[in-house]
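What follows is a set of structures for review.
Common to both upcoming complexes is chain A, partnered first by chain B, then by chain C.
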Partner chain A sequence: MNALVLKLLAQRIALALLSVLAVSVIVFAITAVLPGDAAQEQLGQDATPEALAALRTQMGLDVPAPQRYLHWLGAMLRGDLGTSSTTQLPVAELIGSRLPNSLLLAAVTALFSVPIALTLGVASAVWRGSWFDRAASTSAVAVVSVPEFLVATLAVLVFAVQLRWLPALSYVSDIESLGQLLRAFAMPVLTLCCVIVAQMMRMSRAAVIDQLEAPYVEMVRLKGASPLRIVLAHALPNAVGPIANAVALSLSYLLGGVIIVETIFNYPGIAKLMVDGVSQRDMPLVQACAMLFCAGYLILVTTADIFGIVANPRLRHR
Partner chain B sequence: MSSLSTSAGRAHGVPSPWRMRLGYFGVSGWIGLAIVAFWALAAVFGPTLLSRTGAAGGGAVFAPISAAHWLGTDYLGRDMLARVIEGARYTVGVAFLATLLASGTGTLLALLAAASGRWIDATLSRGLDTLTAIPSKMFALLIVAGFGSSVPMLVAAAAVIYVPGAYRIARSLAVNVNALDYVTVARTRGESTGYVMLREILPNIAGPMLADLGLRFVYVVLLLASLSFLGLGVQPPEADWGSLVRENILALSEGGASVIAPSLAIASLTIAVNLVIDNLPGRGARERGAR
Partner chain C sequence: MTDRQSFNTLVGSEESRRLFGALQRGATRRDILAMLLAGGMQASLAGGLATTALSVHAQTPRRGGRIRVAGATAAATDTLDPAKQSNQTDYARCNMLYNGLTSLDGSLTPQPALAESFSTNDAKTWVFALRKGVNFHDGKPLTPADVVYSLSRHKDAATASKAKVLADQIESVKATGPNEITVVLASPNADLPVILGTFHFHIVKEGTTDFAAGIGTGPYKLKEFKPGVRSVVVRNDNYWKPGKPYLDEIEFVGIGDESARVNALLSGGMDLVGSINPRSIARIAGTPGFAVFKTQSGQYSDLIMRKDVGPGTNPDFVLAMKHLFDREQMKKTIALDQAVVANDQPIDPTNRFHFAGLPQRRFDPEKAKFHLKKSGITGAVPVVASPAALYSVEMALVMQQTAKGVGLDLDVKRMPADGYWSNHWLNSPVGFGNVNPRPSADIVLTQFFKSDAQWNESRWKSEKFDQVLVAARAETDLARRKQMYADLQTMVHEQAGIGIPLFLASLDGHSAKLKGLSPIPVGGLMGYNFAENVWLETAA
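Let's look at the complex of A and B:
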């Protein structure tokens, strides 16, 4: 760690914080300012002007938008996420009850997908051009270019309908044993893994190939080192940065995939909560979930950047 | 683009640049092109052809594949083949419109950024970068929450979401072209910024941008299908392929064709577009531009 690396890291983190702020402006503008007068919408076309004015005051709509934004941002920073307009429960409570489920799903998915993807990625980079590489790369392209719900429906069709190994829906509430836990998680995790593994495999394959084509690897090969040694002792240490970058970036795809997967498997997570919020136009809920998701996304993307900076030896030993 | 490949063709003694270009186009490219053309035709002419054969419901619900119903029937007993072909209009049409808007806007803004001063470039780049801080599906959900999901709104939402990506690629290509001698000559000649943008830079980034348009089309199709699958995209009674999967999801437990058919339609379209792009010439230049 030297001053240059620290400066770059500080820049990244500052940029991420700025992005969160900018995202909050966009979220607030889309959900609370641009769609028009929420009071008018609630009361309908033939509301009296007095009733409209009263509701506007009650909803805090009579102050200018920038002021409302600051008020909203301040409340959110203090942890006050508002009250859901459909259930009348505090949004923080709703999210608090669902967040552990989603985090668990993400953690289990990461636990399985990272080792599988890295093994496949490195193997197909080492044997690039072979039938193994071609099969792995083609299936990865196929998985990436179809929607997540297709992967999910096919998984249900194969494992729940044809083979009858697993239940099609998962209900986390009635879990008593480890076996039940595994069965409930199997389908969502399987679907998410397919998508994430395909992304991560492609990126880590590219990272390792980049290293294997570098002149120093040719030098090692001329020296007579075994293929295993070339990969493990020479190429991989240099590819750690790009691979860590790829892992973090791929995990950020989880945030998109989880929206579909939680809905199709009826999994009681935070993404399902948000989708329900959107269809009921429950703005406080949507705002809080959106901010949570974007913050998570930015954390992962920034982590990817940070790995890239820290692992770059040219920056480390300057 | 064209001048480059012509000179390269002459240098290697290849008779015609067109022959060389088609030479790149492998079998998989032609298969992809055929599938894309099929769905495009289905989107344009399908509904008029089908109205005569009768796509109304009333048959058995979730009927399996038969001679009368090539893809079985849906949850109301309607012919699934007719539903999928009607859905093509929404999936292909809406996505194509949104992609054109996104790529067009992105390219124009990129030309503006490359051809005019540093301030406009910096402002546009930072501003559009901010939009990429929101994951695409989340952005779509936000817009639907705020503005509802009418078809024009879906087009606008998908266009807004994919402008930054198109801009970033077009800008990196345009900045390279902008540094070339003939652009400097044009400026010295006293040509306006608009002329430099449209006559000098645009023709030379059009090829890679068309390929990018195809890729972006795939993203838009996937995004819109996902939205419809969540019930937040195209609203009933209209249906795109995503909504068809959603409304027939109950057929899944019986392994019905009515849920598989629209899923495979989406997959065939996106994979076909990928095949076409992979077979286009100038792939290397595009990948360098994307970095």
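Let's look at the complex of A and C:
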């Protein structure tokens, strides 16, 4: 590893930290301008002026916003995510009960989708223009064009209600064996794979094709290397950057963007927690979730960047 | 029940008792036949009767089994604190763990529960005799101190009780004997036992401030509680109602999405799901092994025409609008027949104080036209509706069509559900509201129609109404009270700026194996009190 690589890495990480800070301001500002506050939402039809005022004081909503922001940021840096304004439970506890579920679902989905997408993508790049390439690309576009709620609902109707092979809901609390895990996750994972495989596959296909058309590959071919070696040892390492970015983007979606899948399968993940938080105007919870999603996204994208830098032979061998 | 009655008339009640006793001890069809034949009965008749006896016996509750139930909401705000219950999932969960002093039956009449009896002379001072030998889940016996604590805490603002308004009429609660408490009210209220039978007034242990353990006197004990995910309860073997509850365990979850709930039921993952849409009835009833349970209740969505601003200040406009409701069509096309036609009176037919003698106001474009002309109102009238008030958007659109026929232009403003109650309800001159079933006639009328009520939706003020309402509250003679409520309903029907087209039903879906459900019109899921009343039939 040389000085240039280290400098690039340090830059990336510093940029990521700066982004987190900027995001925190935006998150706080946006949650502050949302119409209605937690007190109003909690009382709903029962809101009377006195009850509202009492509840606002109880929730600390009567302090000016900038002061609340500094206080909140300071606490966040100390690892204190605050207390949910509607349940009075620590936000860390609420998130802690849901995050493992979301990570598990994301991990299982990644386990299936990433190898499938990369294999298909690289294969279509190698045989570009062939019937295989055309079939794979067309079906990828077709699958990604179907909305996920349709895939999920159809899967439930067919496999749970009609055939009764799989449970209609995904219960993580009942999972004791690998078989149960597969049964509970089969439909959510299938649905999510439909959404993310296509994107990763097309990105890796494009990246590999890009490299295969570069002059140095011509050189390798003239040298007499086998097609397998051309792809795996020469083109792929140079394509890792864009591919890792595509994978990171898709995986970050799995953390916070799976609300539809969580709703249809009643899966207790973190996206649903955040949506509940928004509908109840539980700002500490919403802010913590938003920060978590942004941090997760930045970690993934930065990791992808680091991968790209470290794997890039031109930077490594300078 | 009816089977058993016809059985009694055939073989005589003495014989019947002997047979059922034998069945309960585990007699088989062969034994029953032998018993009947020994009594000199013809073989063919005996065969038929033995079958009837067995099927009646199948209706007697069976002990054991585990069910999974899904309510309609799940959120991190799910609670075990009786004072903070805010939705049907909370009500159902707390009913598994706690009891009130009284409980409400199918006609919303209060029945003794933790109070063995209750009495009053003037509806102001009430004496409740507590049931003896009742224990909390942790073994502590129920004492008057627990009841005093449970009722008094609602009055403390720090509790943030949802029932504070109702509790504020309680002046004092005191233990007046080893098994007796006395409640003194600020003013007479003959409905106190009804109020104490509602969810928020469940009895907890004295001094409890952390409700995470869910210690009550109820039919089930808490085994697991994860807010927003699920609760698991197990049978309380020391429950004070003999023989109850029947199930060993209940797993209770919230599934927010209606179609996910129905799918979960139909795929066999759930035994009972709350709040289903009328559009799902065909799917559930059409699948063998599943059924729909209907509770007709006092829930209504109403058209509010404010009497202080806007066109509602003109009584002829209000009458015109009330005649524009095509109630039959709304019942058929909007509620898909899961409702009964209402008559602009807020007390529904399941309530013991419903006044059936009020002539039904019909859809009458001619009368509407007449009143509209008399009111002199022209131009577009904005009507605010929202999915937050159930069916209000559909009702507004139906009215828009009928209004066109009489030359009235209704401009339907559809608002999002989010924020509807704080921003539009009560603020729009003409708009829709929704009222959930209330346990007593007095509560509906006091909360929504009394001149000084917070939620006096139409700002209708009538001194006479207020006087009769307060007098009816203090009246302990049932017949006189009934007459007073009839007068009140007539006043609302004629004068208030409120149009009530339908009373809506709650629908739940369940597996046919689940038995024992009967409607209690405070809401679906048997008034949210299914847990101690249902049992599972054997798979046969």
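Here, the second predicted complex is superposed on the first by the 250 of 318 C-alpha atoms of A that agree within 3 Å, B and C clash if a C-alpha of one lies under 4 Å from a C-alpha of the other, contacts with A are read in each partner's own complex, and residues count from 1 in each chain.
As a convention for this text, a residue touches a chain if its C-beta (ideal position, glycine included) is under 8 Å from a C-beta of that chain, and two chains touch if they have at least 3 such contacts.
As the structure is a computational prediction, the values presented were derived from the model and not from experiment.
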In the overlay, answer first, second, both or neither for which of chain B and chain C A:Asp276 touches.
second
Considering only touches as defined above, state whether A:Thr48 meets chain B (first), chain C (second), both or neither.
second
Touched partner set for A:Ser97, first chain B, second chain C, both or neither:
second
Examine A:Ala22 and indicate which partner it touches, taking first as chain B and second as chain C; both and neither are also allowed.
first
Now for A:Thr87: first (chain B), second (chain C), both, or neither, which partner does it touch?
second
A:Ala135 in the overlay: touching chain B, chain C, both, or neither? Say first, second, both or neither.
neither
Applying the document's definition of touch, where does A:Thr263 land relative to chain B and chain C: first, second, both, or neither?
both
Touch check for A:Ile30: first (chain B), second (chain C), both, or neither?
first
Would you check which partner chain A:Val161 touches, where first means chain B only, second means chain C only, and both and neither mean what they say?
both
Residues on chain A touched by both chain B and chain C 35, 153, 156-157, 160-161, 168, 263-264, 277, 279
Given the complex with chain C, which residues does chain A contribute to the contact?
35-36, 40-42, 44-48, 54-55, 58, 84, 86-87, 89, 94, 97, 153, 156-157, 160-161, 164, 167-169, 173, 263-266, 268, 273, 276-277, 279-280, 282, 285
Per the touch rule, the chain C residues reaching chain A in their complex are 74-77, 86, 157, 160, 162, 226-230, 253, 255-257, 259-260, 263-264, 266-269, 418-419, 421-423, 425, 454-455
Please name which positions on chain B make contact with chain A in the complex.
130-131, 133-138, 141-147, 218, 222, 225-226, 229-232, 242, 245, 249, 252-255, 259-260, 263, 266-267, 270-271, 274
Residue ranges of chain A in contact with chain B within the complex
19-20, 22-23, 26-27, 30-31, 34-35, 141-142, 145-150, 153-154, 156-157, 160-162, 168, 252, 255-256, 259-260, 263-264, 274-275, 277-279, 281, 283, 286, 290, 293-294, 297-298, 301
